[in-house]
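Contents: one structure, followed by commentary.
Chain IDs A, B and C follow the sequence of writing; residue 1 opens each chain.
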Amino acid sequence: MSEDIVLDIRKDYVLSKLREGERIDGRKFNEYRPIEIRTGLIEKAEGSALVKIGNTQVIVGIKMQPGEPFPDTPDKGVIITNAELVPLASPTFEPGPPDENSIELARVVDRGIRESEAIDLNKLCIEEGKKVWLVFIDIHAIDDDGNLMDASALAAISALLNTRVPAEKFGLGDDYPLPVRDLPVAVTSLIIEDKVIVDPCKDEENASKNFITITTDSNDNIVAIQKSGSYLLTEEKFYEVIDLSIEKAREIRKLLKEV
Amino acid sequence: MASEDVKRLKGEIKLIVDGKRLDGRAFDELRPIKIEAGVLKRADGSCYLEMGKNKVVAAVYGPREVHPRHLQDPIKAVVRYRYNMAPFSVEERKRPGPDRRSIEISKVSREALEAVIMKELFPRCGIDVFVEVLQADAGSRTACLNAASVALVDAGVPMRGMISSVAVAKVEGHLVLDPTKEEDFYGEADIPFAFFIRNDKIESIALLQMDGRVTKSELMEALQMAKKGALEIYRMQKEAIKSRYIIEEADENE
Amino acid sequence: MRSIVLPGELLATNPKVAGSGTYVENGKVYAKVLGLLDKTDTSVRVIPLRGRYIPSIGDIVIGIVREITANGWVVDINSPYQGFLPIQENPEMKPDKKPNEVLDIDDIIITKIINIDPKMKVTLTMKDKMCRAIRFGRVVAINPARVPRVIGKKGSMIKLLKSELGVQIIVGKNGLIWISGDRRKVNIAEEAIYIIEAEAHTEGLTDRITEFIKKRKGELNGQ
């Protein structure tokens, strides 16, 4: 495909620069591209956010409605996370049901939110055993220039911070802001040859498919890890990545505090 | 909303009050429109467009290779159009994926564009148009087609001219341009149009559907109203495309 | 200042003056792509601002080998259409060698288009002094529509880059450009090319590029 030739040429360039200790866009190995967060852009949704990391763009919309709880947790609300890697976002995305990449992305973002207990599901009970709030987190990729994972996770938590529970619509009282009590942040690194670079752009992703994503909460606890790609991770690199992820997550969390 | 449905049936909600529409517009007035070309990095051409509360983004990829081989047309390009609504784009969350309505909209929209894209210049290729509705409010298909037309031009795809689209509804006996959700839902007819426009002139109709009941003379009147609206939209589309380049020049002179 | 035209804009009423980027209908000449209008007394054409590279006979292009067959190499030329380089069109091919020993998958080559059939099957050759396999240097990718500006009127822009920086440059019509020479000068050339790409449709570009190169060279010497 004609798209490939440009990426293939840049692949060699990515590798040769890395061997000299540099990245093609001049960033340091532990540096993110500029991050922009915008919330409330979809007024009809209960919450929404657009996150840009460099040229990568992801929109997350939050919809809420009353529904049935799971039988084994009759007094807890339900979170449903889905990701659409729509063909609009990249020349390589095909129309169709979610593939393994969309599913992995959605599940990792979901894990970060669930395990950090960012939303207190106990507070989303309407009538025990019968009615609870369902929270739909829908991730919509718009432009894939690398690291959709972190952009999606950041957009998800930003959208939740922006969410108002639509109680009035369902005759359940006044609308109120969804209580969010933690700020999970995902940090994805790419492993190329023996180097670890954070927030890979598309050209870099094309040179290596070896990722590791680590999500931490506001107390620097690790709440989700996903090693993605058929490679072997050394223990040494693993510790390096954990420290890096905690550090970067702290920086990104500062942006969330302004949301 | 249920209580409002009941009120409507009882005739208590009026959509036209004192000769004006609920949102204050005149009968032949468009909703506010915002158009921005070239908003995506990966796509060959793209456009973000708002029409009232509709928020859509269109991307064009192509001409590009078609896979698998057996889908290629040896003498011209194959055009694909995919209209898709984000789950959070509507009041009640929509399950992801195409439904029957999206498939029908995709078909008629594709056909409108196919009539003006110079497909014969690209045998065996594909030209893909993908439009995502981020927020919907009646007329999302017309908003999408307007965005798609801009994205195609932005991608450098050769076309005979542009496509501009707008709907007309009949509400309490009156024809209104670019209906809102309430007007569409409670009205007596909904007529989406798209026109092939060249050199500031409407040449012909590229898309036409009708749902409801109108007389022949109402239909003729609706056509004239839509033509006027489409020409206004065409000017905004042109402006959005050209301004991408003029702005760069302005920076130069500073 | 050249004006920007959109598909469907009426450019002339004399079909004889219709040039590239236009089409004729009912005796009228219309623009068919988004581009810059270039109007003279004898011709009206539109220079596209965007668009994929569509191969044309005689074009020098840079491509990457994707497949090896018994008869030659399938080459990706950054276009919806692939190219094919037959064995007999590669001067490095000798009777005792196998095709993959001469050119292997992922090799990058500078090649020339010698034929395009009605189904858009593109045939390539390497029998031209510009053609070669690329083993060193850097390949840069830009929007193919901007290539004419990188070359410049009668090659003026590319001559400027070559003489000011002392680098070798071969510009593929398909938007791929090969630069070779001192690494720091190659970096400057690459930056300059991206500036030309971004500002292709503006005036005074040649002067600005000259300025830019002088400034960068000055910085190098100051180190």
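The definition used in the following text is that contacts are C-beta pairs under 8 Å (C-beta built on N, C-alpha and C of every residue); 3 or more make two chains touch, one makes a residue touch a chain.
Owing to the predicted nature of the structure, the values given are computational and were not obtained by experimental measurement.
Treating touching as the only link between chains, describe the layout with one word: line, ring, star, complete or other.
complete
Looking only at C-beta pairs that count as contacts, which pair of chains has more of them, A-C or B-C?
Result: the pair with more contacts is B-C.
Based on mean C-alpha positions, I'd like to know which chain lies farthest from subunit C.
Relative to subunit C, the chain whose C-alpha centre sits farthest away is A.
Using mean CA coordinates as chain centres, what's the subunit A-subunit B distance in Å?
That pair's centroid distance is 31 Å.
Centroid from C-alpha atoms only, then distance subunit A to subunit C, rounded to Å. What do you get?
Using C-alpha averages as centres, the distance is 39 Å.
Roughly how far is subunit B from subunit C, centre to centre by C-alpha average, rounded to an integer in Å?
36
Counting only residues that touch at least 2 other chains, which ones in subunit C make the list?
Counting only residues that touch two or more other chains, subunit C contributes 52, 80.
Mark out which residues of subunit B touch at least two other chains, giving numbers and ranges.
Counting only residues that touch two or more other chains, subunit B contributes 64-65.
On subunit A, where are the residues touching two or more other chains?
1-2
Tell me, which parts of subunit A touch subunit B in their complex?
1-3, 41-45, 48, 55, 57, 59, 61-63, 65, 82, 84, 86-91, 95, 97-98, 136, 138, 140, 142-145, 169, 202
Give the list of subunit B residues in touch with subunit C in this complex.
On the subunit B side, the touching residues are 44-45, 62-65, 74, 116, 118, 121-126, 153-162, 197-199, 238, 241-242, 245-246, 248-249, 252.
With touch defined as at the start, can you tell me which subunit B residues reach subunit A in the complex?
Those in contact with subunit A are residues 1, 40-43, 53, 55, 57-59, 61, 64-65, 82, 84, 86-93, 96-98, 128, 130-132, 134-137.
Mind pulling up the subunit C residues that touch subunit A in the complex?
Per the stated touch rule, the residues are 52-53, 63-64, 76-80, 106, 108, 138-139, 141, 176.
Hey, which residues of subunit A end up touching subunit C in the complex?
Residue positions touching the partner: 1-2, 4-6, 8-10, 13.
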